[in-house]
Structures are given as structure tokens and as C-alpha cells.
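Labels A, B, C and D are assigned to the chains in the order they are written; within every chain, residues are numbered from 1.
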Amino acid sequence: MRLLYFAWLKTKIGKTEETLDLPAGIATPAALVDWLKTRGPGFAEALKDRRTLRVAVNRRHVGWDFALKPGDEVALFPPVTGG
Amino acid sequence: MRLLYFAWLKTKIGKTEETLDLPAGIATPAALVDWLKTRGPGFAEALKDRRTLRVAVNRRHVGWDFALKPGDEVALFPPVTGG
Amino acid sequence: MIRVQREDFDVGFEIENLTRGKTTIGGIVTFVGTVRDPGGANAIMAMTLEHYSGMTEDELTAIEAEANKRWPLDASLIVHRFGRLLPGERIVLVVTAAAHRTAAFAANEFLVDWLKTKAPFWKQEETPQGTRWVEARDSDEQAAKRWAKG
Amino acid sequence: MIRVQREDFDVGFEIENLTRGKTTIGGIVTFVGTVRDPGGANAIMAMTLEHYSGMTEDELTAIEAEANKRWPLDASLIVHRFGRLLPGERIVLVVTAAAHRTAAFAANEFLVDWLKTKAPFWKQEETPQGTRWVEARDSDEQAAKRWAKG
């Protein structure tokens, strides 16, 4: 799957995107975030409070319990501030 | 006083403006309209229903019971349709 | 700023001229009213706007001041044309600029509603059946009433 | 029509290009969002807009379609910039045109409220104290909620 990070998530995690295999047992964005948090202090800091985050799968806003599939493009970002 | 007519009043009355002395006893636009109606069929036709008319004195919208003074500029017109 | 004129106006130029260098502005709302040809049985070939020269300018100045009293605007502009106009031609321009968009939108709608019901302009339409004066619309009166202060 | 671009846009040209020859239009509403420098303790020197390329275009296309479903628009346009912008520079353009002004105003406010809360853009400000990411405003969330269908 392709993972994208935007705004301050990008800064804290230290990268814009990465490609990895969806780990076994990870079926939702909520579970994915919990797993990502174990990958290092940058991830743990950036993802510590899910209420400050939003998630999109294949370029559409989704909820934390959305059903992930292998090959999905998952983007994590703070609430948007456009316009 | 100066009298101005706009839109279809102008057409029915047959003139855009005229200057005349405020007749004795005419103290309001309501009384003025009643007096004007006696001046001919064009006036009678144009002014027959005051609900279809609006009045401005010295370039300000006023009510039919506004107190007229000699030298006022009085304009009669239908409801506006600008914008 | 207000202007009443026969000539067309350049929307981009007017916005730029009004707001240039004002870095406290966050939102600019613009309304352009155009001559509409409804087509079919209501088709029009042209429209002539008559106005009460002198009163028009006074009224536009007063309503612009009222909008600036009600909302914190950084800039505002009303340009209204008169004379004969063809379908698609611009009639009126209202620009309102403020730090926040809500004030700019509200002030703009207030001004446009007001123009429809109070500004001394009268429209005469040229139709295949002849010319006719446009009647005031009750929906415009209702729209204007929502701004009345309680 | 929607566009996401780094370059500035010409408001007058965009309106003219969108509406030229469409004589069923009676009212055109335009919103231009600009980089605001609040000054004082909140002064900013510049702002950088990051966006999610691809998703942004999809989302703008979808919301424009939704606005056209909700209101009878004759034409609509959204142009949103990204990259580094200075105070006073244009960020976003929303144009809505309809036979009657009420539809054009409502659709425009709907689109702008939506852009503030859903379009995947993030603003980073450069201040005398350093750079900071702008936080989402609760007032924008509230403004967007008024369009939710019951």
C-alpha cells in the first residue's frame, strides 16, 4: 500500500510518502495508525491523538473503521485549512 | 416647486418634469396627487391608484403624509426595478 | 465608493483597484447583475434603464454607508449603469471586501437586495410584442425585508 | 470547471470566459480569498499552501457537481492555488452564475464553506517567530454544517 503524510505529520514523521505491505491483521485506518505508532518516536509523536487527524483512502475522506484492501492509497493529515 | 415623473408615469402624463407653484392648501404628496389628477385625462389615468406609486421629496423616499414646503423637488414614480 | 454611469465597467480592474495593497482583506465578494433574456414567450431584445439622476447617487452613497456601519468592511464599491443594454450586458457591480468572508457575503447580499427595491432605477424591456415597463417583484421586496432592523 | 494551479488567475478574464454569450444568466457571484496579514502579534510574512494532488481535483469536481445539483446554475468555476503566497495575493476563486441572484449567492457560499473544511489544502504561515501550520477553525466547521442535508 501507499502511505502519504501531509502538513505537520510529514514534518514529525520525516517523510512525505512510503510504500509498504499492509501488515497482517490490519483491517482499518484505526488499526493502521496504532501499528504505525510502534515504528518509532516520530510516528508515535505525530499519531498520538487520532482526534487531531483525518484519513483518506484512495483519495476519499473515510472514517477510522473503513475496510482497507491491499494496494490502497492511505493518506493521513490534520484537519484541512484551505480556501 | 419642481415636479418629476418617471417610467410609465412619464409616458402617461406626457412629460418628464414641470415647474409650478404649490397650490394653496396642498400640504402633502397625497393632496398633491389628488390635485394633479384634476389637471387632465393623462394625469387622472397615471395617478388613479396611489398604491402603484411612490414619492420622493428632495431626492428622498417619503410617505404620502410628508409635509411639503414651497420649492421642494417632488418626484412621482412606480416601484423601482433596478439592480 | 459609488458610480452611476452609462459606460460598461471592467470587473477585474474594479476589484484590483479597490483592494490593491490592502493586506487586511481576507475575502472579496463580487456581484455582477446582467441583462437576462428568459427566451420563449418572455424573450427580450434589449432593456433600457432609466434613473433619477442625483437621487440615485445620494441613495447609493447612503446605503453604502449603512453597509459599512453594519459590517466591518475594508472596502466597498457600487457601480450601476443606465441607458440601453442588450442581453448578456452588465448592469450593476457590487464589491465588498472584509477580513472574513461572512461579513463580505452578508454586506454584498444586503446591498444587492437593497438595490432591487430602493435604488431609483426603472427597467423598460423591448420584446417582440413591443416595449413594456418591468413591474417590481414581490420576491425582491421579501428579500429586502430580511435586513430590516427589529 | 475546476483548476488547481500554482499561478495567479485573472478574475475579470475568468468571469468573462465563463459567462460570455450566456444570456440566460441574470446574476454572477464571485468570491476571491486572499492572503490576509492580521498584523501586530499575529503578523505573517508569507503563507505556503500544501495540497494532496489528485485528491484535490477529485474533491473539487465532486463538490462543484453537488452545487450544480442543489441549485440551478448556468455556470460555475473553482480555481485554487497552491505554493508560497505573500499577503494580498489571491488564493482561491469561486464563481457561480444563475438566472436569479439567490441561487448564485447560496451556491457560492456553499462552495466556499466547503473549501474551508473539506478541500485537502493545508496552510503554513511564516511569522517573525518562525513557521507554523494553521489550525482548523471551529467557525469554519460550523459554517459548513449549515449545508448538511437533514
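Here is the rule we use: a contact is a pair of C-beta atoms (placed from the backbone, for glycine too) under 8 Å apart; a residue touches a chain by one contact, two chains touch by 3 or more.
The structure presented is a predicted model; accordingly, all values stated were derived computationally and were not measured.
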| item | value |
| --- | --- |
| Least hop count linking subunit B to subunit D through chains in contact | 2 |
| Other chains in touch with both subunit A and subunit D | none |
| Distance from subunit D to subunit C - Cα centre to Cα centre, in angstrom | 23 |
| Cα-centroid distance, subunit B relative to subunit C, in whole angstrom | 26 |
| Inter-centroid spacing, subunit C versus subunit A (mean Cα positions, whole Å) | 48 |
| Gap in Å, rounded to a whole number, between the CA centres of subunit B and subunit A | 73 |
| Overlap residues in subunit A, where contacts from two or more other chains coincide | none |
| Where subunit D touches two or more other chains at once, by residue number | 33, 112 |
| All touching chain pairs, where touch follows the definition stated at the start | A-D, B-C, C-D |
| Residue ranges of subunit C in contact with subunit B within the complex | 33, 49-52, 54-55, 58-59, 80, 91-92, 112, 115-124, 133-137, 140 |
| Residues of subunit A defined as touching subunit D within the complex | 4, 6-8, 56, 59-61, 75, 77-83 |
| In the complex with subunit D, residue positions of subunit C that touch it | 10-13, 15-16, 19-39, 87-88, 99, 101-102, 104-105, 108-109, 112, 143 |
